[in-house]
Amino acid sequence: MNLYEYEAKSIFAQFGITLPPGARITKPEELRKIHFGFPLTLKCQVLSGGRGKAGGIKFAKDLKEGEELAKNLLELTIGGSKTESLLVEPKVSIARELYLAVTLDRTHGCPIFIGSAEGGIEIESSENVVTLPIPYPFHPYVARDLAKKLGLKGSLLLKVADVATKLYRAFEALDLDLAEINPLVVTTGEDVLALDGKITVNDDALGRQELFKGWQSKHLVDLSDRECRSTMMGLNLVELDGDIGILCNGAGLTMATMDMVKKFGGQPATFLDVGGGSDQEKTLFALEIVNENPNVKVILLNILGGITACDDVAGALVNFMKKNPETKLVVRLRGNNQDVAEKMLAQSGLKLIPDLQSAVKEAVQQSKTPVGAKA
Amino acid sequence: MILVNKDTKILVQGATGKMGASHTKRMLAYGSKLVAGVTPGKGGDTVHGLPVFDTVNEAVEKTGATCSVIFVPPYLALDAGCEAIDAGLDLVVLITEGIPPQDTAKLVAQAKAKGVKLVGPNCPGVITPSETLIGILPGVIFKSGPVGMISRSGTLTYEIALVLSDAGHGQSTCVGVGGDPIKGMGYPELLRAFNDDPATEVIVLIGEIGGTAEEEAAAFIKEHVKKPVVAYIAGQTAPPGKRMGHAGAIISGGKGTAETKMKALTDAGASVATTPNEVVEMVSKARAQLARK
Amino acid sequence: MNLYEYEAKSIFAQFGITLPPGARITKPEELRKIHFGFPLTLKCQVLSGGRGKAGGIKFAKDLKEGEELAKNLLELTIGGSKTESLLVEPKVSIARELYLAVTLDRTHGCPIFIGSAEGGIEIESSENVVTLPIPYPFHPYVARDLAKKLGLKGSLLLKVADVATKLYRAFEALDLDLAEINPLVVTTGEDVLALDGKITVNDDALGRQELFKGWQSKHLVDLSDRECRSTMMGLNLVELDGDIGILCNGAGLTMATMDMVKKFGGQPATFLDVGGGSDQEKTLFALEIVNENPNVKVILLNILGGITACDDVAGALVNFMKKNPETKLVVRLRGNNQDVAEKMLAQSGLKLIPDLQSAVKEAVQQSKTPVGAKA
Amino acid sequence: MILVNKDTKILVQGATGKMGASHTKRMLAYGSKLVAGVTPGKGGDTVHGLPVFDTVNEAVEKTGATCSVIFVPPYLALDAGCEAIDAGLDLVVLITEGIPPQDTAKLVAQAKAKGVKLVGPNCPGVITPSETLIGILPGVIFKSGPVGMISRSGTLTYEIALVLSDAGHGQSTCVGVGGDPIKGMGYPELLRAFNDDPATEVIVLIGEIGGTAEEEAAAFIKEHVKKPVVAYIAGQTAPPGKRMGHAGAIISGGKGTAETKMKALTDAGASVATTPNEVVEMVSKARAQLARK
């Protein structure tokens, strides 16, 4: 779950990281109540990236300009996401900028610090990036090692190491996947402030982090409506541009099926992993949500049972076909209770295809047949 | 075969839960040498004839188990995993999906510190066909033979084992390393084990998008692996920036694409398939070549 | 720092350990406001042990009896400590009693669980004690291992392991030296309650535990007034029954000096370790506080300088002798700037004895000389 | 000599603090091979001519130090100690007094996991007379010779070294293990080292009341130590239940008395003195016996 900048900053503050003063506004006229003076920075609160380039950050020299800019910014849509609010901050007098993050590193299998002596950058494309694995349990010396590797000295080394320590504490305490300060600025007065930040909370940890209880639904704004509903049901749906709706059990098999569809000339419309051990209700929901997509001409259901019982899947299919007799279905079903499932579906006039490659080819062919295609 | 065989004594953590109990039954039916279940507070009970203990330490003491397979809920996995690791087992197979990755990182560090092999989490387990099944793999799909398999995926492993078995290419051992970004055993250690295993002729590596594990595997193959490797990468057509089911399956910042992985593996001398059926063709070819030698 | 029972229990509650209902009262009439009914248990809140044997726990069947007992108990002095207040609890219907503690173990060099399947006992003299080292970082399985070793089963195993887990959490979070529940009772209704408890906070950690800020002075009631004042000054004073006031630098040397005094026929009146690197002010304070003890006939000051500068000590001595010309002093001073110190003290008419054994013998002899002894 | 000699390269953590700086000066004056100071934020400075670095890792990389002596304040000791241990030094000497013992327990566990020798905390350090002094011991008191000393106390060690030196019994190495209940190296490891050290003829063990370390030492002596041991226990007249200066020096629940310790050591074959002067007599006697052999 990605957080808005203002939310990330409230967490930074909670862990003792110094911020510039700031206020969140949802109406231009709220600017009048702000106690710190002009010039001001107005920043769109959106979950998508590329805010700066999309014109989502503006500077106002006085209230009149501020209100005008605020009005426009509050109506701005960036990367498909509507601006949720504005974060207003005084313009900071910057001596230098740094980059600081904690994230999980696959290769080391542990959290790492990422730092750069240049901030406000796209970290993926920066040349001067320093990384440092973080042993568990953490001790602050690791943060000092990082600051040293960034070439810092004296009190600045101590201040940046202190911020890095606090950033790690937040990362660990709140089960974050990413805690990033970019840029971390050093002001002309030698203060070290988190000017902008990004936090990604680990989705699997949401159930044990009191702070984020109930936050999930309002943070799915970069997903389509169907993707959101799937997420809330515990299903992983990714919508694509094609016309073949793919449902499988297991992430790898779903990707492989998608790859095969494409290889044999078809266009996937959905990636939908229904997971292991899905029950009838969940499978039915999955079929319905794929079917809702108006681009879908044919649904390819590929279930290879390990945990999943084929008869449960068949039950869901029978129900679905009753409600949606027009929908084209290609079904590959293999595993536990396959024989029972076969009988159930035969009664509904649906033939199972036991071999995946044949099923994929059949689905591709059906997607290209105009007869009986949905309007 | 690697890691496990018919003599491996296995205990099941979370054996009395719904999933644990049903897979205990299946593993027993397969012939796996399960010796104990562990569920705190249920000591003295039995599950499908298996004695249940309150603690791993007691189960190990009473039964001599050397391997644990774990089915506990995600937020209890760190505790259960450390219990298994600290008890001095050889191998811990962590099936549980949805463990917060910082917990996994702690488990991985603990396993390393204690010299315990950890497979998973979010994995289907390990099978040495006709000998033992540890986890949730559907045993009937796997046949005994000379193909060693390593995979990040569950059902995709079954799919490929299915077409391999149908084509007469049985498996020495299949290891599902799991779909999470942070995990226990990875490709290099398992490639090394299969390379050293006399029962394995060909190694099948099933990867997917996300991370750089396949690139690291390629480097390892180039350097150390003498046996033929057939690789398959799922997600060749996945869009960037979207998590494709597995927590680890995401192309981010242009990194972790199937393309770069396939190229690295090809460059390392592996045969790289684009469909499960191609995997079969390549294994057939490799075995035919070995037979000619 | 030892805590009162009611304080220990408030910490148990904070960490989620279940307690019987309870109220602290300082006046008998407060019993009338208590919302849980009779019979009641009334327990003296004192820091010294042996409360039960000293009659510090009584049961009252009704309000009348309760008020009478409360009046008496509030006036009770146990092991030299006055009763601070009473803790009043309903009588609990007990099915069994257990003992549970976390403490630091010297031999293992780490925290350990101590448990016993019989509670309400003197743990030192119990036969059925189970101990278990606790690895760091802690995981709850260790608490289950303990419960198992105590022979518990089923839901009781889980409940006791849960209490042990919470007890460890408190122990770690609050820098405790000891967290003890004795007895931990299982009620006839299968509830597991901490019926009595003891907490010792590590003195060295008081400076970083917000919860205990300002608590120290009110918890020194088992010390003499002079011992209290020394503790507040950061000095370790133990008062004894003899007449030779011993001041040294370093715990081991102070003990050795005390042992030698006794061996050569003297009686130590104080053990006072002035620590390393003491300054003039602290040394003067130490001399004064030893001199305050009316039993002290002679002060033996033994300083072997490593960190301590002899001239600083000499300065303090010169000052002390000006104020207390009557006090008999035997001084052994050796180490840094010894020559300077020697000159300073020679001017005040004091001769240094460089050898410890000679100094001890001299002090013992002076303590037996009645001439010029203090009144 | 054990643990350290004139070639031991030493870094000083907390070298720019008041205590750290003054002892840095003393150690340099003694001839100890100090190569670096470490104080975060003071990198680039010097202290008594010694270069100061911001981190232990940098200091080790630049100077090849293998030993650290730590003078930081008590609540920073866990961090500084782990920094030293994780940097892969051989020996860490922790002088700091007043460290909360749970922090010490974490340090002890970390040192053990990494195979690093930890001396202290709350200790005077280690001296190999005429070679190197690491810590706060007054160098002038110690003379080179064949007596190995292990002690829980600071100034009492100086007292006994003083009377020994005056009587012509110099020391091979003296190790102050510290007065805290939880500590790094203990008697058994050091007894073993002195027993194996060709430069040591007689071992002097200076214990005190509290705990059972002396009883464990006695068991070790009985089993493993071939050289004569002279022991002294401080606190023979200490009242029970009172903490005598050191955090570890307390008789509680009837345990940890000088009497039981002295008896255990006597039973193990050690000579047990009741005053520092008796220690000298017993060492003289032991050396005379050795000389006759």
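Just so it is clear, A, B, C and D label the chains in written order, and each chain counts residues from 1 on its own.
Going forward, contacts are C-beta pairs under 8 Å (C-beta built on N, C-alpha and C of every residue); 3 or more make two chains touch, one makes a residue touch a chain.
The structure displayed is predicted, hence computed values, not measured ones.
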Minimal step count in the chain contact network, subunit B to subunit C: 1
Comparison of A-D and A-B by number of C-beta pairs in contact, larger one: A-B
Distance between chain centroids, defined by C-alpha means - subunit A, subunit C (Å): 55
Distance from subunit D to subunit C - Cα centre to Cα centre, in angstrom: 27
In subunit A, residues with contacts to at least two other chains: 135-137
Residues of subunit D whose C-beta touches two or more other chains: 106
Residues on subunit D engaged by subunit A in the complex (per definition of touch): 40-44, 54-58, 78-80, 82-83, 86, 106
Residue ranges of subunit D touching subunit C (in the complex, touch as defined): 19, 74-75, 97-102, 105-106, 108-109, 124, 136-138, 151-159, 162, 179, 181-183, 206, 208-209, 211-213, 216, 232, 234-239, 242-249, 253-255, 274-277
Footprint of subunit B on subunit C - complex, ascending: 135, 137, 139-141, 144-145, 147-148, 153-155, 157-158, 161
Subunit C residues within the subunit D interface of the complex: 104, 106-107, 109-111, 124, 135-136, 172, 175, 177, 202, 204-205, 207-208, 236, 238, 240, 248-256, 258-260, 262-263, 268, 271, 273, 276-277, 304-307, 334-336, 356-357
